[in-house]
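Pasting the structures in now, so scroll down.
Shared chain: subunit A. Partners: subunit B in the first complex, subunit C in the second.
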Partner chain A sequence: MHSKQDKKPSIIWFQGLTCNGNTHSFLNLENLEKLLDKFELLSHPTLPSTQDFKTITDCTLICDIFIFEGTYDPLMKRNNVLVSNIIEHYSKYAKYIIAAGSCASFGGIFRSSAPQRNSGILFVEQEKSGPLLSYERKVINISGCPLHPQWLSYTLNMIEKGNNIEIDSLHRPIELYSNLAHHGCTKNEYFEWKVDTENFGEKEGCLFYKQGCRAPMTHASCNKILWNEVSSKTRVGTPCFGCTEPNFPRSNLFSTKTNMSIPEDVPLGVPKRNYLTITGIAKTFHIKRLEGKLIDYKTTD
Partner chain B sequence: MARMTKEERKTTIISAALQLFSERGFYITTIPDIAKKVGMSVGNFYNYFNSKDILAKELIIYISEYLGRNIRVINEKESSTEEKIYEIVSMYFNMADEEPEMIEYFLRVYLSNREIFGDGCEGMLCVSPFVTEMMMFFNDGVECGKLHNQDFFSAFGLFMGYLGGMVFLFGEKILPEPLEWYKESISQNIYNALKTR
Partner chain C sequence: MITKQLINQIEGEATISFDIKDGVVDFATIAFPHFRGIESILKRKDALDALVITPRVCGICGHAHLMATVRAIEDAYKNAGYRVELSKKVEIIREFTLVMEIIQNHFKWIYLTIIPEISKLIKPNQKQTPLKGAYAASIASKAIAIFAGQWPHSSYMIPGGITTDPTNVDILKVESYVDELINFFEKESIGISLETFLSFKSNKNFGGLKSDISFLENNLMNLNMDKKGFAHDRFLVLGKHTFSKPLKIEQTYPTSSDVKYVNITEAYSLNQVSYAKNAQYGDIFYEAGPLSRTISNNLPIVKNIYRRSKDSAYTRVMSRIFELATLLQHAKNLLSKIDISQKSYTQCMDISKITAKGIGVVEAPRGPLLHLTDIKDGVIQEYKIVTPTQFNIGSSTKENPTPVQQAMRGTTKEEALFIFRTFDVCSVCTTH
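Here is the complex of A and B:
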């Protein structure tokens, strides 16, 4: 007779070329223990798990959920076994394959160092031509640099409950990636009235015009599902780097690329001509309240 | 003969007002003068525009939309940046030649009587269609690698200030040659000043 314990879906978390950022991010999940109770963790880079690493690289077992972190490098070996052979084995038998983070999803930072060779497991940037093409139906990308722990938690919970996870054309869960990082940003009023900030780390002013913020062009729910349940990059005055998108990383992350003072990229789906019209008009007005520090507010403004 | 629609009548008033304002000046021209020129009663005039200030703002929007429409046609062509500069210069000079009241109004009324346009016409409010198209022109020029990436207003001032200055000289009858004669050299000068270094 099988106990309830036996029916827990099994997980192997395996790393390619990575900085461990996603592993560390996942450790910040508020209810990590509660989540892990629902699964059998066969292998993980840092968490207690039931199998040793040699068993994993020997490919003598299988798992329900195969989580791959890092860029895929076809020449890379772990324990003297080609990573390509290892992921082929686990992907073949897994019900779900999760690309944890932007490197595993699209190639990310480690693809930049060897763009001819390295890639994500299913995508090479936005092109679906990675090594797991034959298992594409199983692949879920949780992009982000690093991934948001609650995004992975959501995905694992949905799998454990047997629910269907709808994905977008880049294989990201729609529930998590249909929002833009701009949605829920506490600086939205500054964006509306085109009041920019000169500095980083301020509560006031929008980072879109000068500091390189890509929130209006980036699919991510960072300002809806907050980081560590309290904040986000843009809320503390740091630009969104667009890290969930296939073209991440870009260069000059802290400055907005402009053509004659006009942002090269404008909010997603907005024609540039329309954007310029509305911007020019909004900039005409000087809203005194938005020019001061929030802490100096007066109820009579 | 078919009766004019309200819109057509409005355009007639705009055209007459442009002519009078640019010839006589904004303050000297009165609403009775404009009404007389279009052959309507002063009372009827107020059915179209509530005041001279409102008319003044409508006129600048009208000119801005006219310029914006024409520059947009040029922006959407497949031609090179250099050719587009020539076409914008050409369009502007043709307009100064054929419909001088529009440019005259812009230079002599809009730019010279800012107090009229302070409320409801400040900043980009009334000139947005025109400035937006110039932004698109500069943006496209940088994007295709032909124009030097610099501050928008530095480039805009160089381009439009130059054209405005030439039309002003033309209006003052200082230019020894007709505007047409200067199109080529001015376009070349603008391109040389703005091109990628």
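Here is the complex of A and C:
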């Protein structure tokens, strides 16, 4: 346990090839100040921190928690120092290494610009063969494009309290990623009865059958721990693109690949044949309430 | 003597090479070292996938990229001979979320960039409260997320509309966030009502105020920033919005601008590797962004400051704060015009039937953002992105300097580093 007399755990937040999306997502955290009070921020891309960037790239200090954001590119330099040397130094001495976002976790979007060399820090997509393999026991992946601020704050709080963080085979905290993005989706009833939506921009219908929604196959708590505390992609009719998974970004993101009008990828863990059967049956039902409009506004068009 | 300076705590990283003569900057070049290859990632992808990929160009203005993409694809539809119908509701909601993204950007820039930077130049330091910027930005993000599902990295705009179909419950929630932001701005930033602030006739109205912004204004004046940091006195707006119109202004004389004259040239930097390219209008460098937008909109207070202080660092900083104020008011106004009974989406022709080029132009927080796409049978053949920082913070020769290079000339290195930040640098956008 971390007592008050102890030194606060120190953090270095360091970036590889990134859009800064995880940094900005983290700034949205409610009670950010309270969380930051528990740590000593040695370096951060935007927040005030105690060390200048040159000191960080000189690798003359160490930190307790090393947060890496962005895709790892072995040829990349920061302040003329190879990122590979920098992450080796901090990883060696850190107690925890956090991959912030899908790029750092699995390679993400910026892996595709140079797939022969770019990767996550521990994983190359789902394969554990990244540069921090020798420190794998320290690595926690907070995947997501971007990461959810509360997912990172959970991880930091657990570390600060000295609690154990259970992780899955892809090194993601189980308490955050055992859920599917589908859990808590407000369109669940349409999914249950296999009522698809014809078009975008409607309150009714499920996005799984035509619009490419990956929520039933994606480990994420987006519909449980809401985005910006208020919503999620599927709640505003945008399909889930599966951004927490190692194969993000996939292709043809706005359409569902189907086989005889049944999605080729079925909900996670459900036997395909059983799914086809139940879908076939459900589709024969006619549930008037689910076929009509939920709200009929008097049009003024 | 040439000295190199690493710039971080911007969006990404940059280095400036200063050539100092007699204690002042004679010339400076800028290099952006990191390259991510978004344009090549987009090649051979389904055109609609760009709606998911391009917001990932930038963590702070990804929404502007989303809007540029949707406009580019819709333009390709039109060029291919297919209609794209957008309801008034769609246009207003898209515009609203874009405006909120500019607002979150400006709040962060004030509290996380410009106040900390000015504190390096002045004794005693101005009190730094960076988390105020993060707080205000998080409220703006909530307002975006009600419509867009999340911020950053939403993909809720699609050709023909938006994915969301909001209810009055949503609109009321968004209204309350905008009110919270206005309240925050009045109490924490300016210390007076928004209305009073927007009715300022000149900077003399700051006299007697004690607030974050009045301290900033005072410090800028004490540092003579109204006599430093002049760029070319030429302004460019390219995006067409409810808050901007395409104009270029030279010697206070406005004429219409057209994106077809935007010209991309190689950057010049002293012994440094840079992946940035310069953006010009014709073969001339123009300043873009909040200063250009507020001048082209004839915002009285900014026009007044400009008459006295031209395009100085002072005018550039203050124009951004006044733009933030006008946009807060504008956001409220936009919300009041939403008719939720209108359509959120009108189906377009299947994307696989589209073979055409399209251009999408928007005003991002830092200025014009251009997306140019070439689609064949619904698949991207070519995708080009031109970002605001390429207009303002290019790196050219001594004879033909970019706006930021011109603005840093003749100042001390410390002043130049501050002036550099007044343009609000986005390295990640520049080297997309």
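The criterion applied here is as follows: the second predicted complex is superposed on the first by the 287 of 301 C-alpha atoms of A that agree within 3 Å, B and C clash if a C-alpha of one lies under 4 Å from a C-alpha of the other, contacts with A are read in each partner's own complex, and residues count from 1 in each chain.
One rule holds in what follows: contacts are C-beta pairs under 8 Å (C-beta built on N, C-alpha and C of every residue); 3 or more make two chains touch, one makes a residue touch a chain.
Because the structure is predicted, anything quoted here is derived from the model rather than measured.
Chemist: Quick one: is A:Leu61 in contact with subunit B, with subunit C, with both, or with neither? Answer first, second, both or neither.
Modeler: A:Leu61 contacts neither subunit B nor subunit C.
Chemist: Per the contact definition in the header, classify A:Arg273: touching subunit B only (first), subunit C only (second), both, or neither.
Modeler: Only subunit B; A:Arg273 stays clear of subunit C.
Chemist: What is the contact status of A:Leu82 with respect to subunit B (first) and subunit C (second): first, second, both, or neither?
Modeler: Neither: A:Leu82 stays clear of subunit B and subunit C.
Chemist: Based on the superposed arrangement, let me know which partner A:Leu47 touches: subunit B (first), subunit C (second), both, or neither?
Modeler: second
Chemist: Hey, is it subunit B or subunit C that touches more of subunit A?
Modeler: After superposing on chain A, more of subunit A is contacted by C.
Chemist: Contact-wise, after the overlay, does A:Thr258 reach subunit B, subunit C, both or neither (first, second, both, neither)?
Modeler: It touches subunit B, and subunit C stays clear.
Chemist: Quick check on the complex: what are the subunit A residues that touch subunit C?
Modeler: 17-25, 27-30, 32-33, 36, 45-48, 53-54, 76-79, 109-110, 112-114, 145-146, 199-203, 222, 227-238, 241, 243, 249, 251-255, 295, 297-301
Chemist: Residues of subunit B touching subunit A in their complex?
Modeler: Listed in rising order, the residues of subunit B that touch subunit A are 122-125, 128-129, 131-133, 135-136, 138-139, 141-143, 147, 149-153, 155.
Chemist: Please name which positions on subunit A make contact with subunit B in the complex.
Modeler: 258-262, 264, 272-273, 276-277, 280-281, 283-285
Chemist: Give the list of subunit C residues in touch with subunit A in this complex.
Modeler: 6, 8-9, 11-13, 33-38, 40-41, 45-46, 48-49, 51-53, 56-60, 62, 87, 108, 112, 116, 128, 130-131, 134-135, 137-138, 141-142, 144-156, 158, 160-165, 167, 173, 339-345, 347, 428
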